[in-house]
Structures are given as C-alpha cells and as structure tokens.
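Below, chain A partners chain B and then partners chain C, in two separate complexes.
Coming up: the complex of A and B.
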C-alpha cells in the first residue's frame, strides 16, 4: 500500500531559476542544514517561504523548474526544509539529476503549468500526493493531476536513498 | 540510419553503438570542478574510497571567488588545495597568474579535446563543445561519485540541429546570434537535448566565437552543445593537448533530429537579453536609451582576447560615462592584452581591470549591484538579483554593445558608436 502525503501547496511559475530558489550570495555555505533559511529569498511574492514553510508542504511549479546553475544547494534547501517532493510540469536536467542523486523525488505533472497560470491551483491549497502512482489531488479545488513515473535506474538510485548510498550498496554486493 | 554527434561520442565511450534514449555508463576523460571542490571532497570521503579512480583525470581550477572574498570562500579553497595535494592529483590551478575562469583555462590547457567525454560540476561545462567535446554539467554529489568510481550514467540525448550559414555584418557578433537563438528556442526549448551547430556559418567562426555559442547551450536547457571540429580546433589544441586518446567525431548527414532550426548570420543584428531571463530577447535598437549604472566585460562567455579587442576598438580615445569593469577570462588572456596594449587603452578610457576570475557575474565580489541599479554585461545569466541586490537589473549583450553603452551611460548601438 502506498503512502499518501498531505500538505499545503506553495505555487511558483515557469522557469524558476536556481538563483530564485537559492541565491548565489549564499553559495559559500556548505552545510545543507543551514540552507533552508535562504530558500526562495529572491522569488517575488514568496520571500516569506523560508520563514513560513512547514515540513510536508509541497513546491508546485510550472515548466523548467531549477534552470540555470548546477548548485546542489537548490535541492538541499527544499529537502532540508521538509518539502517531501517537487511537483513540476518539467524540470531542468541538472536539477533533476541532483534531486535523484540525493534521493529527492520530482514528479513531472502534465498540465500543471497551465493550471498555475489559470489559477486553478493556488498557494495554500491542500494537496494529497501518492508517490507510488504519481496521483495528486487538490482537496481545496477538487482537481486531480497525474505525475510521470521515473525510469528504472533512477528509481533504483532513489530507493537506495541517493547516489552515494546506492554506490555503497553496489560496492558491498560486488 | 545515421548517428548524431551525441550518439557517436557516447557510443565511443561505451564501447558499443548507442541510440538516443538508451542509458549508458561511461568513463569520463576529464572531470572539472572549481571552488566547489571542497564540499565535493567531503562527499567523496563519505563514500569510503580513499583514492580517486585516476588522479590525472581530475582538473580543479579556482575561479568563483579569487582571491577569496570571505573566510567561507577561503575555507573552500583550502580544502580544494589539501584534497588535490593528498590525492597527488597534478592538474590543480590555484589562485595565481597561471589561473583564470575554469572554462577558459580548461580549454587553454588542452583538456577540451574532440570526441572525449568531460563532466564538470558547473553548468557552463557545455562550453567545451567548441572543440568537438561531449561536455556537460553535473552536481556535486555526482562528481564525488565519478571521482570514486570513474563512471557516470547518461541517457543518450536526442539532438537539436541548428544550421548556420552566411557571415555576420560588421559589428555583429556570435553573442548577438546566440541571444537571438535563445529568444527563439526559449530557456527550456532544448531541455535534455544535445545541440549541434552545423554549417559554413560555424566553420567561419573563430574558436572564441564557438565557445560563446556553446557556453549558452545550458541556457536553453541543453545537456551539451557542440560545433563541428575542424582545422581551427586542431591548430588550437596542437601542443596543448593533455591526452592522446581523442578522435574527431561528427554527426552523419542522415542522422535523426528531434528538432531543427536554421539561421543566416547576415540577418542577425545587435541584440540584448532583457531582465530577468536569458530568453527575453530584444533588438539593441529598441532598447536604446535605457539608463545603465555599470558595464561589465568578461566571463567564460565573452572575456577572451578578441572580446577585449572589440571593446577597446570602441573605447579607444574616449572616456566611459559609467563604471566599467573588465575582467580577462584567464591570465593568458590578461598577459596577451597587457602585451598588445589593449589593457592600457581600456585603462585610459576609464575602465577598471580586475584579476581573472568569475568576478561579479555571480554577485560574489568586484562589482555587485545596489538596489535599483542596472548593469549591461557580456555574461550568460541575467537572473533576478544575480549580480547583487534583488532589485537590480541585468542586460546581456556583446562586448561591442557593452562598450558602446559604457561610453554613453545608456544602452547604445555599437554600429553607431563606430560611425562617430
């Protein structure tokens, strides 16, 4: 039986770049635990994210989430804040790899970019997310969305908890 | 059915023919990282492997904050230095006059070679496609894993073919062209794809111009970007190459593409990317007169000798109207510009010359912006607040347009500056 996650939505637009998620001003920080305080500091209208996000809340975004830099801070700052999964129409290649390599799920959700633009999904909506099936229910609006499943190799890395635990497990087997 | 460049390069590395969408595991020819080497080494130490798989394949070039603008940066540098020393890894470029911006330095030192696979823990690693290299950016965790195992997985990308014919009109540059392409393709238009630049328009370009094109590949979401390697590439790498195991590879004429576009360079005119996205394209003509507070010429996109020459050509004998920061992309470029008098011309015009490195491109130091300020820059990103305060603005343009704008204190057309 697959777990159902519940939480509030924080809604972002298309092309949310890595400086908006985690500004380069804080790049010299290297401890992931210190990173959530800087999340979305530069995102207009969501400057309060870092102070107000609660563990279990979801980040909902449009196309090309995480475009730009290869900085892993942009994954850590959300993971460490307790955001269990990113729900985005699409996501940049490097951001996606960084997420997988840290055992952090991203669901690609068809139609979410349009839903955001049309305000069918809004900040504060209560969502239910089933990671196993990719089903997302917006309890507030009554809408349902579907996220794509990840490939086999990606799933293996994710289920090990990320690339480093995955490699360690492989080493033991070998 | 023919194969694309990405299929050939990844197939060569995998040891068997591969096709788009297949997942392959390959050994990288070189691994590049910069100031983030410290945190990568900490992750590496957690894996439980003592030595990197091949020390001679690790290249570390400090550039993001050099010399260290804060003690946090200094700690990262110190860790990188100690790691490279302990691993007996020979290719370390410290804060010294042998350094520069990592991507420029990597190519000057002959690590970017045709047909090879390079991974870098920096998104602009795609720059090396100018040499026919399959080069792509990755994150820190993945770099630590690659150091330990000598392996990295890739999904073989689909390819995006851009055919380029003709020649630029005077005072139009490769930067103007790629900004136009960005405006058409948009920042996610090449997501996960390999972008191939084809045609006589490319073979007519210098290595520096090709590096500018490939550098912007990531800004359309590409996995890598590449130009057909030719005699110019062979001439450049001769005597520099750090490996003999390279091979000229290029796409077959009947390869299959997911997307295709074509351009005639003679139709390109000076352009800019307006705040706050790289694909927010506009003609310089229509932005003329926008007030600027700072001009910046440098970076892995446009800090090479011919870029400095272009700026000096406009600034010679004049004075800039706003603070103008010039950062040669490497100390090799710095030295050449020093010897041929370019730096003196720029200093006489009122420019500040800073030491080679990333400088204000990512807002670390050497020219960060105050609230409400606008900078016109030759860099590759104009994300909101990237160069400083979140209420600051960045326009991206060619070195010619930046220099012409610096003279007037407002966005200006280089074609007019050169007329006067």
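Coming up: the complex of A and C.
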C-alpha cells in the first residue's frame, strides 16, 4: 500500500516551540477535540491557521520542530485538525515521542529547512506525500524531497496506532 | 569500548547490555505528573482501562501540584480535583498538593530520587534531576498513562556529549551565566536527542542548586538529559535524604574511562561575564553589559531553574548592597521553588527584608513559567526573569522577556533598568 496524500503546505521556520504551536494559556484543556482551535495562535503570520486549515493540509517546518514543553496538546491540536503528517527537517525529542505514541507520523526531511529559508517551498504549495517511501513532491515548485524512515520499534508502535494499542497488543500475544 | 553514564543507567533499568541507538524498554522508578497534564493522564488511564484499571504500583507514582498552585480558575481547580480523586481511588499516597512547590525539587528534597533512577514526569524540566545523576525526562500524558499499565517505557539509547568546565566564576557571575552562554553557543537544537555529561573542576565544586540550574536548561538545547555524578557535599546531602544506597549507585553508573563521546567541549569560566537571553528565544544571547540601560516593567526571580535558596540568597546580597531599596518603577516578584526553600529564607530573615523593600514574595510555585498566572505581562511590557524560556508571547501576547541570573535580575530591580550586577557588587553599593 503506497497511499499518496495530497494537500496544501503551511510553512514554518526552525525551532518552532510548543508555545507557538499550542500556547500554555490553554493547558487546562483535557479534551483533544477542543484543542485545534488554539493551534499556532501565537505564531507570527500564521495566527489564522486554526480558522483556515483544512483536513489534509500539511505542516512543513525546519529544524527542531516542537522544542520546549512536554505538552501532548501540541500533537493533539494538529492531529485533530486533520493534518496527516508533520514534515520537518528534525523534530525535538519530546515532540517526536508524543507523535509516535499517538500513531501520528513525523517525517524528517533532509534539506527542507534550507528550502524554507530560500523560499523554495511556500505557504499554499500543493504537496503529494507518500508515507511509505517518504517521498514528498511539491507540485507547485516541481521540487522533490525525501523523508527518513523511522526505526523498527517506532514503526511497530506507529502501525499499532500508538503506544497504548501497541502495549495492549503485546499483552494479548503474551 | 566502555560505557557512558546514560548507557549504564539504561542497562540497570532494562536488565540488558545496550549500545547507542538501541531501543530499550526500561523499568520506571517513578512515574509522576503535575497539576498540568496530571488530569489528562488520569482521564486517559481510566479511558484505556474502561475505568477498571489498577496502576502497576501506587508507591512508584507521585503527583505534584506546581504549575498553577493555588489554582486560579475553576477549570484548573477541577483538574486538580480529578488528580486527588484518582490518587485516592488508586491508593497513591505521594500526592504533594499546592502547599509544596515545584515537583522535581519536592521529590528531591523528600529523598525520593537516587542516582541512576529512571523518572518520568509531565514537565519538560524533569531532567534537572540529572543534577544528581537520575535519568528524569519530560514526557506527554500518553507516556505516563502507558507506564502506569506495567511500569516500563521505551527509550532510544542516546549518544553522549561531554562538557568539561574549569575555572572560577568572578564576583557577580554565576552558573546561570555559564549556562546562558552555552545555550547561545550550541543553540536551541544543539543537544537534540543527546545525553550530556558535565564534568571538570567547576562542576565538581558546584553546589546542588548550581547543578540543578545547569541540568534544567539542557531542555533549552533540546537535550535528553544532562548528568552530573554526585560527589562531595552534594553526595552527602543526597545520602542524608535518600539513604546510603546512593553511594553504591554512584559507583555503579560512573562513566568508564574509555566511554564513547560524540563530542567533547571544554569551557573556562574565569573570564565569563553576566549573560542574558534576549527576546524572544533562549539562544538569543548577549552580555548583560551590552543591553544595560534597557527599561523594564517587571522582574521575576524563581522557577525550577533558579528558585533555590542559593538563588534567592544571591539576589538578597545584591539588594543588601543597594540599601534594601528597589526601583519604584519595577514590579519585582520572588517565587521560591519549594516550601523548604521558603522556610529557609524566612528563618534567615530574608523575606521580611524583601517585603520591606517592596518585593512581592509569593508561595512556592512555577508561577511565571505560565501565562494566565499571577505576573502575566500585558502587551508592550518588558520583563526580566530567571525562568528558562522567553518564547514569543510566552507570559503574555506582545510582551518580551530577558532571561538572566538572580544577581542580574535583582540588580535590574534595584536600578529599574537592565543592570550588570557587578556595577553594584564590585563597587560596594548603589
């Protein structure tokens, strides 16, 4: 199965911290379904993200996406908004864990940080993403990028749908 | 090839030999949650176990109330209630309610943390416990809820960076300044996925609070854990609190002489000057001298990074040399990390002097590390703070924050503009 996802790009820079993704003002929220409305509210130039994002759109970012807090809200708010995958040069380690543990894919994309800075990839570009192979095609610009594959354990957790379903399945197998 | 400290810790916790890059399942010594994230963990655990699940070991779980203590809204109060009820139902007795202070510090003071422990918490600065060589890490609620099922979780065995520090700080310069310099040098992603060992004569001499400061800010370079092997008075303190077992633990996790490091960096702090993280990122670093004279509206001293007794005491010294007067144009707030710290400051007579000078001295809490708490800044205001993050709008949309040491922050409170503390400390007064 090599499903190709299609959607628009929302482009962010390096070191996007968790307060920019999901501000600490809204940490008392406990229901993931209520979280998308606050996504990127504090990100200069993308304050309208929560209102305008469509299911299927991609978040494209540079290095160290999701640095800062351990709040899982910053994963839920994008997952629940229907963003199918995060495409980032690298992801900060806690954010990466939280994503994997929720069966939420993150692709580490070589060269995307430079491409963002050089404006070779821009807001609104149409992208095609093949999760299986990690291939990303920017239809608007004609550029192609490649995302790294994850390790075996992360892949197993992801395909189980996240850490909790993975552990439950392990327990059944005994 | 020998083993680094984190490799030895993970071998103990997983019961098998490890190499860098392996994914291992580690037994968890403590799985903790705060008033932030704690309710999410409790609700999630109930949901995945159809409200019938029992946690793997109620004596290995702790709750700490620190982010919003006391609660400032009904929503937060309700979250705190969810945690108290969950703890009662599950027989969890380590519940440190709103009168205790910042979670990791409270666990440490209560003798619950030992070198080599693996500790989870819903706080990205859990890793300050690396200051006593525990592998403590901030995680999301799913990691916590999953660990409550069977007391384990998965980790990647990280590469280790070694940082050797030598030299003595000049008067007016502190570990926070070294750290700020380091964050500027390595950048926000400079330690992503890495473990770090801090060594060298300056580290061996460092107090517990200095070690905590250093390890807490590893998070601001996206590191997994900063580790310091306890020695001297810190080791004695730890043994008094956590029991004599800590001596054997320290020997067991000491890194081998031929342990593999992907990077070794050496620093000399003798010529270091006071440093600040300028708006709006911890790695936007300049010497305090270069930004001196900038007007500020509020000064805050506290947080898990710089809220210990030694930090408050350093600020007190600056205030004392200034005739116990702060600028009337600046709102100055001091927040001790824990009740123990606050009691010590009270017994030393410091709190009375701070209050007389016009400082707001609060209960122990995370306070200004979160917006929507007291001290939030209005748009356009400039803050100076000893907290660890000054991300865009973190403590109030449109506000900006400079991060600095307790001495620099108090010097700034005294003069009403950003001030190099050496101007006060080295010239005998205001």
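We take it that the second predicted complex is superposed on the first by the 173 of 174 C-alpha atoms of A that agree within 3 Å, B and C clash if a C-alpha of one lies under 4 Å from a C-alpha of the other, contacts with A are read in each partner's own complex, and residues count from 1 in each chain.
The definition used in the following text is that a contact is a pair of C-beta atoms (placed from the backbone, for glycine too) under 8 Å apart; a residue touches a chain by one contact, two chains touch by 3 or more.
Source: prediction; values computed, not measured.
Colleague: Could you check whether chain B and chain C clash or fit when both are placed on chain A?
Modeller: After superposition on chain A, which the two structures share, chain B runs into chain C.
Colleague: According to the stated criteria, A:39 is in contact with first (chain B), second (chain C), both, or neither; which is it?
Modeller: Neither chain B nor chain C is touched by A:39.
Colleague: For A:68, is the partner it touches chain B (first), chain C (second), both, or none of the two (neither)?
Modeller: A:68 contacts both chain B and chain C.
Colleague: Just checking: does A:153 make contact with chain B only, chain C only, both, or neither of them? Give me first, second, both or neither.
Modeller: both
Colleague: Regarding the shared-chain residue A:113, is it in contact with chain B (first), chain C (second), both, or neither?
Modeller: neither
Colleague: For A:163, using the defined touch cut-off, is the partner it touches chain B, chain C, both, or neither? Pick first, second, both or neither.
Modeller: both
Colleague: Show which residues of chain A both chain B and chain C reach, each in its own complex.
Modeller: On chain A, the overlap between the chain B and chain C contacts is residues 14-15, 17, 19-20, 23-25, 27-28, 30, 42, 44, 63-64, 67-72, 75, 90, 92-94, 97-98, 101-102, 151, 153, 162-164, 167-168, 171.
Colleague: Which residues of chain A touch chain C once you look at their complex with the stated criterion?
Modeller: 14-15, 17, 19-20, 23-25, 27-28, 30, 42-44, 63-64, 67-72, 75, 90, 92-94, 97-98, 101-102, 151-154, 157, 162-164, 167-168, 171
Colleague: If we count contacts the way the header does, which residues on chain A are in touch with chain B in the complex?
Modeller: Touching chain B from chain A are residues 14-15, 17-20, 23-25, 27-30, 41-42, 44, 63-64, 67-72, 75, 90, 92-94, 97-98, 101-102, 151, 153, 162-164, 167-168, 171.
Colleague: Mind listing the chain B positions that touch chain A in their complex?
Modeller: Checking each residue of chain B against chain A gives 23, 38-39, 42-43, 46-48, 64-65, 70, 72-73, 75-76, 121-123, 137-142, 144-145, 148-149, 153, 155, 187-188, 191-192, 218-219, 221, 223, 277, 362-364, 381, 383-386, 390.
Colleague: Considering only the defined contacts, which chain C positions touch chain A in the complex?
Modeller: 23, 36-37, 39-40, 43, 48, 67-68, 73, 75-76, 79, 121-124, 126, 137-143, 145-146, 149-150, 154, 156, 188-189, 192-193, 219, 222, 224, 281, 283, 369-372, 389, 391-394, 397
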